[in-house]
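Next come two complexes built around subunit A: one with subunit B, the other with subunit C.
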Partner chain A sequence: MSAEPRAEQRPQFRPVPKALKYIFGLGLGARAVLMSSHLAGWLQDRLELASPVTSWTRMTEGLSLLDHGISPYEGDMFHETPLVLMLFYCLSKIWGGLIPIFFLLVDLVTGCLVHEVGTNVCRHLLEKQGRHVKSYSTDSLSLLLTGKQLNSVPRLMLGAYLLNPLTIASCAAYSTTGLHNLVIAGALLAAVQGNRLLATLATAVASYQCVYPEIFIIPVAMYIAQREQQVNPKEDYVTSVLHTLLSYALWLSSLLFLSFLCFLSWDFFSATVGFVMLAPDLTPNMGLFWYFFTEMFEHFRIFFLCVFQLNAVFYVIPLAVKLRDHPMFHLHLLVGLTAVFKSYPTFGDAALFLSLLPVWGHCFKYMRNLFLVVCMWLYSIVLAPVLWHLWIYYGSANANFFYAVTLAYATAQIFLLTDLLYAFLRREFHLRHGPAPKEGQGMPILMNLK
Partner chain B sequence: MGLLSDPKSRERFSRIAAKYNSPLCVLAYVVGVVWFLALAYKPFNHRTYFSENALLPGLVEGKFRTENVATRISQAMKDIKDVNKDGPMPVAWIVNQFRGLGLDTYTQEYIQTIPVPSARQSEEQGKEMFVQLNGTNVYAILRAPRTASTEAIVLSAPYKHYLNMDHNNHAFGLMIALASHFRKSSYWSKDIIFLLVDYDEIGMEAWLQEYHYTKSPLLKSSPLHGRSGSIQAAINLELHSDQVSHFNVKLEGLNGLLPNLDLVNLVVQLCGRERITVKLHQQRDPFPSEGWPAFQQNLKTMSLMMLHQATGMPNGLHGLFLRYHIEAVTLEGVLEPGRSSTGFYRMGRVLEGVFRSLNNLLERFHQSFFFYLLPASDRYVSIGMYMPPFGLILLVTALKAIALYISIGTPDPDPWDGAENVVIEHIQSRKTGDGQGDNTDSKRGVTKIRTQNYSDGDVWSLVPVVSCCQVAGFIASISPMVMTGLGHLFGTRPYQALITGATGMFFASLFMPKCITRNRLACTVNTLRLWKCAALVLQAIILAATAAANFSLGMLLAVTMVPVCAMVRPGKLRFLQAVLMLLVSPLGLLIIYTGLYLLLTETEYHGVVPSAMHLCTIVYYNILSGVIHGYVLGTWQYTLLALAVFPNWLFFWCIVFKKRDVPVVENKEEKKTS
Partner chain C sequence: MAAHSGRNWAGLMFLCLLFVSVAASSNVEDQVGGFFKSGHTNNWAVLVCTSRFWFNYRHIANTLSVYRSVKRLGIPDSQIILMLADDMACNPRNPRPATVFNNANQHINVYGDNVEVDYRGYEVTVENFIRVLTGRLPPSTPRSKRLLTDDRSNVLVYMTGHGGEGFLKFQDAEEISNVELADAFQQMWQKNRYHEILFMIDTCQAVSMYHKFYSPNVIGIGSAQVGEDSLSHHVDPSIGVYIIDRYTYYLLEFLETVTPDSKKTLADLFRVCPKRVCVSTPGVRTDLFTRDPNTVLITDFFGSVRNVEITTETITLKRNDTAQLCSGSSCPGSRRGKRRKKLAYANQFPVEAAYEEEVTKPQWHFPMYFVAALSVFFITVVSAFRI
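Up next is the complex of A and B:
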């Protein structure tokens, strides 16, 4: 009963725009300084920052092939999408100096988008809490979100993206990961705003650009359907989902057709999507693919390729069942999941997921491995370049040393994801059953995740 | 994953980690150190063996008989030097010697710009070195009759510019003798490059850079006109006289790199066959090889190796080859008075054997160990054996960090009497009530909420401290060069300016806690726990990464820093803590380990004051050469110390001097007065 009046006075959410200009200034300054320093050239070839898909070295190769009238997709060098190639081609034709400015702008815009995602998701969370507050336990008032608590969240997200050393380094390395993050952030923003055409377009652009976000369409469709049901309870859930899927398919095919028009050939499809899916380039990177596939007998390759790729996308189904009422959380988890399990991950991918974390800050107190995850993350980021250097340059270490680090890196992210999921579910449980639920005999119950 | 998901076993683990924390830490540290020291004991390490079967050292039959050439040439070179004591290397004469044998002979000139005068060379030469250094390398290639110059082996020797000592003319004599012997044989399947290097490391670096087409801005050199294939291995020769009593085998290379153990085994084995004693760091293998004295001797050898390796400076020209993935060792022939000695004949046979074995190689060295420590020339401790004790020592850091992390946010008064906790919370909530408690406005919302549940450590307070420490480290890393530049303007001597730059920031930053304390950071017990936890985590990462790249440096840092840093706590016994912390500061550690090195190597003792003076001089030169080698050869030890270890140490230093919240103290006094 006491929850009743709380529901009436909705918590107000006003993001504080304080200190934003410092974050922008510091982020841009750090990027510009790093870009103009002599480290930039070294960063460009760092495998942690630039994968075969996103490497700037390959982009320049593609541009020069295009300049000579050769299709960049005929060889095995270039794997970015045609539209991005065309974009950079125009930029380099207008003025070469535009390219660093473009990379700075991309990160800046991504930061803004992440900020907006934060604002919108916070509003969405408060709104949802207001709707459900009646079903919550009367004891769990202390767990409810307050506007004040969320006010600094968008700013934190912006800071976590723009001031993250990983995104700074990745921007200075001219890695197109920045661009990938931009389209994914755009997809997240469009999704949370809930406009079907815009959301499907943004998701289609993201899937066109980075392949894996195609699974985002499931939570997006669920979210849109739920919103429509709230507005108009007579709306059919399944029809809405089908509409979304159809619109998504249309957008995606038109994007692909547009790319076809660039070269009037479908070569690009096998060089971009095919490359990401079949993972033929086994140069070491921060992912899990290369070591397995170099060690493996060739006739098992197809089988394990299926296993690995399914692993990357399969979780969308169990999560869709478990988190059917929380598509936003589902969507954010998927960003993290694809960043770990994709075939050519870089540090930049993980950085986007990290910058989404502050939104779920209210779940942190239920997380149990935060310390471990932070330590593992730091270790792998510091040790990866050291062991790479020992292996490749000095020849004293070997591939296993480096692979151990990439394993630790992946494990840290997986721990983070599962822990976040656990914390979220546990908070939901406590909301319904009070912060200290008792068993039948009056004993405090123990939460267990098996 | 029981520990990660099952709350019961988690709770049990965290209870044990918190309750028995100090005993566990002490145990881990003591076991780690004892285990590590025990590795020098014979039953705990292994006998070396050949992994690479292609070397076939046993099949080589020595045919070297041209020792008289060696004697003649070395005498001739000495005569030239005697006429022109101060002059440059007699390039034309050397070229003639090689050409006389019918080898492809080339020269390479180079100019090295040294940012500051080089300490070590001026010490050797007895005069100031100038900012530019010119030299000429001479090299001759014996083309392999059986293949098309795709692979090569190098025999190198430095030409030393000593005023009153030998300038390695014996090594050159032996080199010519070997060349004249080798060119008669038809079995070579790899080219042999004979290289005489002008000035020690710089000449070698110039030649290697040019050979591998790498460039550095400070070193300009003429291109190489003659080339061979990829270099498989290199032997560097230094002979102090024509009769030697033993070979001192030098392994430690640039940045702590070591050659493949197979190459070391090969040299040791062949020396044994020719009955030439092998020593490591002038330390003889113990005989009998078991028992307490033998253990002491082994431990001494291993410690000397670690101390050398930790400096990251090559102790011979071979060290520069290692950076290019070329396995190399230096053989230093030393004549110890009163010992039986051998002449060029046996030395030549050893080198002939080494080169013929290397000639048999089918692939690059890859079989044996690259990470090892040698307690004796025929015993080794591999990476698998020395990493566990190192891990145990790091476990101390990890356990402390875990215990502190657990204690954050609990009112439990376990570490650092949290009895004040309640008071602090009270004040904190009052303060935030009227909006004064926060250091930065932006965190107000966060802090307010945190104060409600047991005032969790304020994560944001880490940002200013860590960034201040990092900035101090960054300044320390660039200050030697900046100070040299400034000193130039004011006419200070470059050495002094450089030393001021290297140590000035260290002494200046000792006052940093003062500045931080003045800044009113909300510093509850929990925040301080969080600070120390973060500092420990950073320390563990730095030490682990250092040990991966240069094990000895990581180990020496860990052994001393870990126990002290794990013990520090704000408040109590501040003076004692400060003394301990100063001892394990980068400068303190340098002094300690230099002292240890002198203790192990110097035989005579002159009394306290002269020894201390001597120690200071050596430390002074160590800093100088550390900085200068960083610029000239690209060693990263000084940079690592300045950019990682020093900031981390400074963080601990701040924790020692960090006062807890000022109002708490006032409050207590109020209570006492009332």
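Up next is the complex of A and C:
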């Protein structure tokens, strides 16, 4: 999985393994140090890192319930999937010290997967550019991607994931967000490699684990269909998509059946998928649901629940229409969208999207709100624990303060997403019409994203 | 009430056995008459500790001592309203967590294994106390927080804390006056919410709290006269606070000698803690009480009486539990003269052994079909890799 063998095939990728070693060492070392410090217990209960689904406290509750022979899904305590529960049960039975090692490994593997996603997506971008270069304007040579430019991208992505303080804290908090990120990164890698069975398996695992990646299957299906059309132009788009959907459904149902076999009951479904969809737990978290639903009348609850959940998944449709030629970008945008709009987000979810940004670094010069986004992001990450403390412990703030920070956090992510989309589309426009296109009268055109 | 239906049958059988054993020897009514002199059919207790903070440990210990006695003598938790303004057992300053002792030598853990606190912490307010007594609670209040007494209930009201002349302090923030308390009892009387009340109070200048009572059938016992302070008994050097008050310490000592079938009367109760041990002079008010305290059993207030039904027919109980009706002398003589086994009340506190942790915890094992299905799944995945 390292960059060296690839280096022999593609001369434009220069191998720099030393930097990788430093990144791995520093990232894993920081995690290990934080895990063994006295902060680890404090981090485990932080609501920014551990949601009711991913919290390690609840995992230990579930494991001890299992020890007593009680199904962990009987109460409202435990909301992780049964296969993950089985995994941790094995680990805890073999040796208790395996747990921190496991979380370190999970982050390590996620970092490697993100690195591979970087190399594969860069290769895919270069290939696509090679295919479409004839339709580009002659003025836009400076905008074209080069291998040299993309050489550092995988390293940057690895560093952005492993050295991100959000993921370091998330790992030290033993939050299963790391596991969620692992399966999503696996889904991204399998998708870009284009093997239908593998891509649908990885997407099924991701959507089994965290419910929202179900929408990833649409760009994945489109991407696979396009690749098949490139190989064999007579291939029917619709049947390809249907095949992909069918294999995805088969994988997902086999995973659900395996979970059913754990306890021979479907309790887990209402405790995992039902919990995420119906969002009954309104403990304050970094999401947008809780504040709204605490003050809502019961009469309207179902309606607004539908609205909120639809908001989380609906964007796949217009993006699929607009970005039908760019399914990889669509997929990466969806990672960011689900991180904002899911019912119980944590910092780790957003950190994965941040680590996917370097591959679209060529769009950054067209982004207009970068400074604002960075400031809002820093503001919300720093102020979230502060205002929580002020609200809960001192009683001098109230829920509005904390929710304001949550809103700022969501707005920062949304601004980043929309800005990235705008920059991408603008770059595409400039590729086709040159970097400084003029109207008929020679006036420079103003670009607006409608 | 529903809580008494089981006790109905137990009491009925017990009484009928007694009936039969003395039927031939003496007049049934004379023997039985002693059971029904009290006029009440159920017992309730309202035990209130009004002080919080660690240095008021002794008030919690006082209340829990009375709670323990009352429960031991048979009043069930459903008929005890226990109001504790603070939690000493789980206080971080308690060096022996989950225990509250009334004695520095840790003779009795009054917290026990199954204490049920109905009003805790900041819920112990004057308003809640008066609402509990008068029954004017919001409809959403659960049953365990209600005083569901009727006109045949004997109620024991025990209060402890810091008091003064004519008032009792609640939680350092408010106080209840003796006028309010008297009015609350009058409301109870007008709504037929009690048959008799025994009001005990262990505070400084305690007797001032019952000076204003004007409702019938109320006895008041206070631990100190007006102008006197009710003192604490001793300090526990390992904790550093006074752990019990004098009056309640001797009260508990006395109550520990009382059993459910005890014949001790209220006159014995009034003699608990004379001035030479209590330093303060306990006071008693009996002018509102219609019966003679020398004839009133302690268990009329501190214990729980069984609900009884009088039947004119004598029932012989056979070994296989089929009942056969007979009346008077036609009953089989096999039971006459035969010394019956002495009947005893069941131990109200649960046996410790029942709470022992199971030695072998049931482990959960991976079911075979799951392992098989998992391996099939992995084989499929691996073959997908190869394809």
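Basically, the second predicted complex is superposed on the first by the 431 of 450 C-alpha atoms of A that agree within 3 Å, B and C clash if a C-alpha of one lies under 4 Å from a C-alpha of the other, contacts with A are read in each partner's own complex, and residues count from 1 in each chain.
Basically, a contact is a pair of C-beta atoms (placed from the backbone, for glycine too) under 8 Å apart; a residue touches a chain by one contact, two chains touch by 3 or more.
Fair warning: this is a prediction, and the values are worked out from it, not measured in the lab.
Following the superposition defined at the top, how do subunit B and subunit C come out on subunit A, clash or fit?
Here subunit B and subunit C cannot both sit on subunit A without a clash.
With the two structures laid over each other on chain A, which partner does A:I94 touch: subunit B (first), subunit C (second), both, or neither?
So A:I94 meets neither subunit B nor subunit C here.
Does the superposition put A:L197 against subunit B (first), subunit C (second), both, or neither?
Only subunit C is touched by A:L197; subunit B is not.
When the two structures are overlaid on chain A, which partner does A:F371 contact: first (subunit B), second (subunit C), both, or neither?
Touch partner of A:F371: subunit B, not subunit C.
Going by the contact rule set out at the top, does A:A436 touch subunit B (first), subunit C (second), both, or neither?
neither
Tell me which partner A:I302 touches in the superposition: subunit B (first), subunit C (second), both or neither.
neither
As a test of reading the superposition: which chain, subunit B or subunit C, is in touch with more residues of subunit A?
The partner with more contacted residues on subunit A is B.
In the overlaid three-chain picture, which partner chain does A:C262 touch, first (subunit B) or second (subunit C), both, or neither?
Once the two structures are laid over each other on A, A:C262 reaches subunit C alone.
When the two structures are overlaid on chain A, which partner does A:L310 contact: first (subunit B), second (subunit C), both, or neither?
neither
With the two complexes superposed on chain A, say which partner A:M86 touches: subunit B (first), subunit C (second), both, or neither.
In the superposition, A:M86 contacts subunit C only.
Given the superposition on chain A, at which of 39-47, 75-83, 201-209 or 219-227 does subunit B overlap subunit C?
Clashes occur only in 219-227.
Residues on subunit A in contact with subunit B in one complex and with subunit C in the other?
none
Using the touch rule from the top, collect the residues of subunit C that touch subunit A in their complex.
The touching residues are 361-364, 366-367, 369-370, 373-374, 377, 380-381, 384-385, 387.
Which residues, counting only subunit A, touch subunit B once they are in their complex?
16, 18-19, 148-149, 151-152, 155, 365, 368-369, 371-372, 374-375, 378-379, 382-383, 386-387, 389-390, 393-397, 401, 415, 446-450
Touching subunit C in the complex: which residues of subunit A?
66-69, 86, 89, 195, 197-198, 201, 254-255, 257-258, 261-262, 264
What does subunit B use to touch subunit A in their complex?
4-8, 10, 257-258, 322-323, 325, 366, 370-371, 401-402, 405, 441-442, 445-446, 449, 453, 537-538, 540-542, 544-545, 548-549
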